[in-house]
Amino acid sequence: MTTQLEQRGQNLATGKTTSAKARWRIPATLEVAAVWIVVGVIGPGLFTGSTLFLATTALIFVLFAMSTNVLLGWTGITSFGQAAFFGAGAYTVGLLAPIALPPLIQLFVGAAVGAILAMIFSLVANRVTGVEFAMLTLVFGESISLLLYRIPALGGESGLPGIPRGAIFGTSLFSDKTFWWYAIAITGVLAIVIRRLRGSTFGASLTAVRDNPLRASALGINVKLSRIVAFTVAGLLAGVAGALYAQLQGIASPDIMSWTVSGEVIIMCLIGGMHTYWGPAIGAVIFTVANWALSNSTSSPELYFGLGLLVIVLVLPEGLLGLVPMISKRMTRRQKVLS
Amino acid sequence: MFGQIFAALVSGIATGMPLFIVASGLTLIYGVMRVLNFAHGAFFMIGAFLFYNVLGGVTGSISLLIVGLLIAALSVGAIGAVSEVAVFRRLYARDHTTTLLASYALLLTLDGLVQQIWGVSPRSQTQLPAFAGSFQILGVRVATYDVVLIGVGAVLAIGLTLLLQRTSFGQTTRAVAHDQTMARALGLHARGVQLAVFALGAALAGLAGGLISPLLSIDPSLAPTFVVQSFAIVIVGGLGSMGGALIAALLIGLLDSFAVTFFPGFAGFSLYIAVTLVLLLRPQGIFGAAFASREA
Amino acid sequence: MKKLWIPITGVVLLTLSGCSAGSSTGSSADSTITIGMIAPTQGAYAEIGKNITDGFQVAIDEVNANGGVAGGKQLAMATKDEGSSPQTATQAARDFTSNGVNLLGGLFSSADCAGVDPVVEQSPAILVTASCASDTLTGGISGTSPFKRTFGVAVRDQANAQALAEVMAQKFPNVTNYDAFGFDYSWGHETWQTYRDGLTAADVAVQVNSEQFVPLSASDFHSQVAAISGGLTGPVASRGIFLATFGAGTSGFLKQAQAYDLPSQVALIANSGEYYNVARSLNGQAPDVWNSYDYNWAAFNTTMNTQFVTDYGKIANGAKPVGWTYQGYLIGLSYAAAINKAGSGDPEAVRTALEGVSFDAPSGSLTMGAASHQLSVPSVISHTVGDSTSSDGVKVIETQVVPYSGK
Amino acid sequence: MTAKTLTVSHLEAWYGTAQALFGIDIAVAEREVVGLLGRNGAGKSTTFKAIMGIEARRLGTIVFQDREISRLRTETIARSGVAWVPPDRRIFPALSVRENLALAARARRQPLDVDRLVDAVPILERLLPRRGYQLSGGEKQAVAIARALAGKPRLLLLDEPTEGLSPLVVQQLHESILSLPAKFDVSIILAEQNLQFVLSLTSRVYVLDTGRMAHEGSSTEFANSTGLQHQLLSVASTSDSRSHADH
């Protein structure tokens, strides 16, 4: 058992998937960049009107899911409160709207607010782990979302509507197409950053913390600090995603802070597979599209969504990307060990 | 002043006891299987709908009420048993995130199913005339049905404690809860115990749904309303401790009622404040791990 | 990497199936004008959504049966889920316009309207909202709507609360000791504030015993009911309870209040917001309640109202229409009148036509304010009590119509 | 040879993807006490777990009292009469000693005969009302053996019973185990690091080396062959692979 985890940990640290024993390798950063460029170029051609808008939404959730996976997949922390940091980013943009700061600066501030909030929370909550920590994140998220109704400046149930998208380098982001390019650039850069983090010693230390905290600390890794940093990084990236989301939607509304959103982003990671780099991204896309398609084609989307999710949880513990090694294994090795 | 404090005390207990009744099944399931079950809220809601269906909205007599409760509890218990076999049994060995998500998926599924079966119109269950109305005690008005719920909650707390502490089923359950492998190596049917406990926990949710339905609007939005509170009670009480759950529920009820009476601004936060303080000061909960103390 | 095609194929398939599901709503023939209705179709507010779309359906059925609009064109309805957030509502609006449906209607939540209105403003579409009655969304106060492409048919929240205060002050001048119970968001707080100010303006010396505000999702109000019950002062004839709630919040509160015999200890329970559906759901056990909202089926003695109630009953198993049904119905009538006036379904022409359009409605002639974009719907005060012998469990004791003030 | 209680043939077992046993053969006769020796990590605990059907995936045949049990579930194997005493004893801490015993007896539908258990394990008498978490290491071991016997098994798998016990307690344990086959009509496989303890109790020994059967023979023969002892057990250390048992 331990050896398997170790192996997976090493694979994760070096960025290899179990299946890919490829003789040639594209540098990971280039691979990410290539995917983003291809998607970015194809996007506006493939999608028009509201589907481009939906695709942009999906793109932002890709970033949000990747940020959450820093906790979930890399460090083994379950947080049911990530919506709070996502929302913090969005509300920051909403509150900054009257000042008309450039969109990029808004993102920076949103990131900072998300990171600071996450750091404060994880410093306070650091002595708790496991399910109790998950519970604490849920409570934290719910408290923050309750505050939205109590602080008049945050707009109550209507949130902060009418956020302008602004302009970047003189180009207005008003059209959905320019916003798509903007979102592609931001999420692409951050996706590369996340990819590099994952392959770094920091990423490896998080994996060690996840697999065996005792051994990790014996190896000289400061487990508590690693957890705090992971939480802060996740909060920062969630803050950026939230800020982008507010710019896209033109509104920061309280529903994005609800615990169901925190649950949904975990589901995204799970659908795709939280132990691979691409898993959360693919999960986010599938989730966003399925959610949209189901809500208008059936009277009880929850039923089908729930059933689909159950099947994935039960049959594909490593998510949809878990299918890849499963299939390749079945192809190369027919013999089966009796259980 | 005294009158207000006394009134807050009474209403706090009246608030907390239904919470305990809802959370008791969740506590039981968590204690044995370490599964925090989101679908518990759906079990509760289905209990309310079934109770309504059996009685047609009118509670004619006390025997009908009991029949309705039994049917709600047994049916939801059966749903719980099916969920255990179809879903949770396969996940005991997996990490808690996966199990939480599976239970969340089950919540969605059952919620959708309820909308398919019962539609979206809210329903209302009429109170049994004998339990309707209120009376005064030391100048404080007390609802008759609150007294009924307090009684039921007390009986449940005592009954479940006796079941776990005094019966052979309880011994087996505690053994399985602590060390499933060793229990099986002794020849105990761990799977049977897990199935029974899950069914019992679900049945308790169904019972709670029936019991509390006369006080609520019965509609599909019911499922999530008690989930967060029940989770909080399980956590605050100390995971798996029945006595802890009772005390946590009463504590949360009292905090809420005192906040409503004396600090209305904090009313919505009392639950969260309680959970945060308990977790930070005593992460194992008030009665941490009393159910089956762990050596590690 | 090379096995990435599996999930990608999945995504593509899902996307395609989604597109095909959404694209069936385009305006097909020239003889039909499709209006896209956005309303909750699932979850806690699905019943409200159904009320809105059913009301709209009744309106266009009546219009179509009478020869259609703009020289024989038929009206048709397409629906999309409002969801539970401005984002889903906005996506629904975008999907409609992408598919060429530019006449939009519906929306239940003011928060969703706050998200959708600015989007519609930048699109070729126009929107006639149902129950988005927050002051910031219409030209209710300033007299000029902040959005050129959005219109509203609902009575403004504050107008309803104000109307209720006027009638209560007149009927119960001695009720001065109030307890308030409401949803903990601005609608709840503002509605209570308006009611209270309205009473004060009508020379009622209001004393506030307690104000209890609960989250929208809460369903257990033990503590609040007990606190109100324990804090009652003065003679029964001076006590009142004001509810700034709707739906499950109102029914949960009333049921738990009845357990404490609270209704019999106060002279009046007043509620601003849709209530008839709640009264109906209480199985004939609803207490005596004064309510103020856009509509009550018994309030108008006109042939058009009789027709509306009958037609709705046909598609709803004999149920009576409620305020939300009426709002959906008014959206249909507004569009029919404006399209007739414009002579076509062209959104820009319809938009211009909507400004200042007048038409007959169950409550008499109504006008869409040219600048305010607000339909001149009166408030209806209805006094009801549960009645298990009535077909829908509710007895309407009396109703009073408070005309549109224009403010 | 007398009738066989247990015959293990070609037993292979895995931890996850790592193979831990490579074709083990063991035979135990009625009322026989055999030793299972080997260095730390040689596969002694794994053999027991494989017989009990715990955790490890396994291949091969295990015949217990003429019944093939290698595909049965742990609880069914236990009910058929195999009892396992793990090295960490695993007494249920929240239950009293009496409850621990009662549970085991009930699982095999046997009446709980406390007197008989006290006869074999004398210190049990004063421990009966205590809770599992109140016991010392030696007491836990005594209770663990008594608990295993409570279900009247025909085969006892004792894994490192002397681990962490004082010499005096080891002596008591020695006497208890010595009396068991006659008193309880039970066969025993004794896995131990303590060579003298094993050799004084058993007639035959099996010696495992990195998952393979390295030696099989009479205890006297092995006791006299220092060469074999040196070759197969040289680096016997006191700590073992306890971490596996925690999962």
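Which chain is which? They are A, B, C and D, in the order written, and residues in each are numbered from 1.
Here is the rule we go by: contacts are C-beta pairs under 8 Å (C-beta built on N, C-alpha and C of every residue); 3 or more make two chains touch, one makes a residue touch a chain.
Note that the structure is a prediction, hence the values are computed from the model and not measured.
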Distance in touch steps, counted as few as possible, from chain B out to chain D: 1
Chain C and chain B - chains in contact with each: A
Most distant chain from chain D by Cα centroid: C
Central chain of the complex, centres being mean CA coordinates: B
Chain C and chain D: spacing of chain centres that average the CA atoms, whole Å: 74
Euclidean distance of C-alpha centroids - chain A vs chain C, Å: 37
Computed distance of Cα centres, chain B from chain A, in Å: 33
Computed distance of Cα centres, chain D from chain A, in Å: 50
Contacts with two or more other chains, residues of chain A listed in rising order: 146, 150, 299-302
Sites on chain B at which at least two other chains make contact: 115, 268
Contact footprint of chain B on chain A as seen in their complex: 72, 76, 78, 124-125, 127-128, 130-132, 134-136, 138-140, 142-143, 146, 150, 259, 263, 266-267, 270, 299-307, 309-310, 313-314, 317
Partner chain B, residues of chain C touching it in the complex: 42-44, 46-47, 50, 184, 210-215, 217-220, 222-227, 229-231, 247-248, 251-252, 255-256, 258-261, 277-278, 281-283, 285
Chain A-touching residues of chain B, taken from the complex the two chains share: 34, 36, 87, 90-91, 94-98, 100-102, 104-113, 115-116, 228, 231-232, 235, 239, 265, 268-269, 272, 275-276, 279-280, 283
Residue numbers on chain C that touch chain A, as the complex places them: 1, 3-4, 6-8, 10-11, 14-15, 17-19, 21-22, 41-42, 80-81, 83-88, 90-92, 94-95, 97-98, 109-111, 114-115, 117-119, 122, 134, 136, 184-187, 215-216
Chain D-facing residues of chain B, complex: 168, 171-172, 174-175, 178-179, 181-190, 291-296
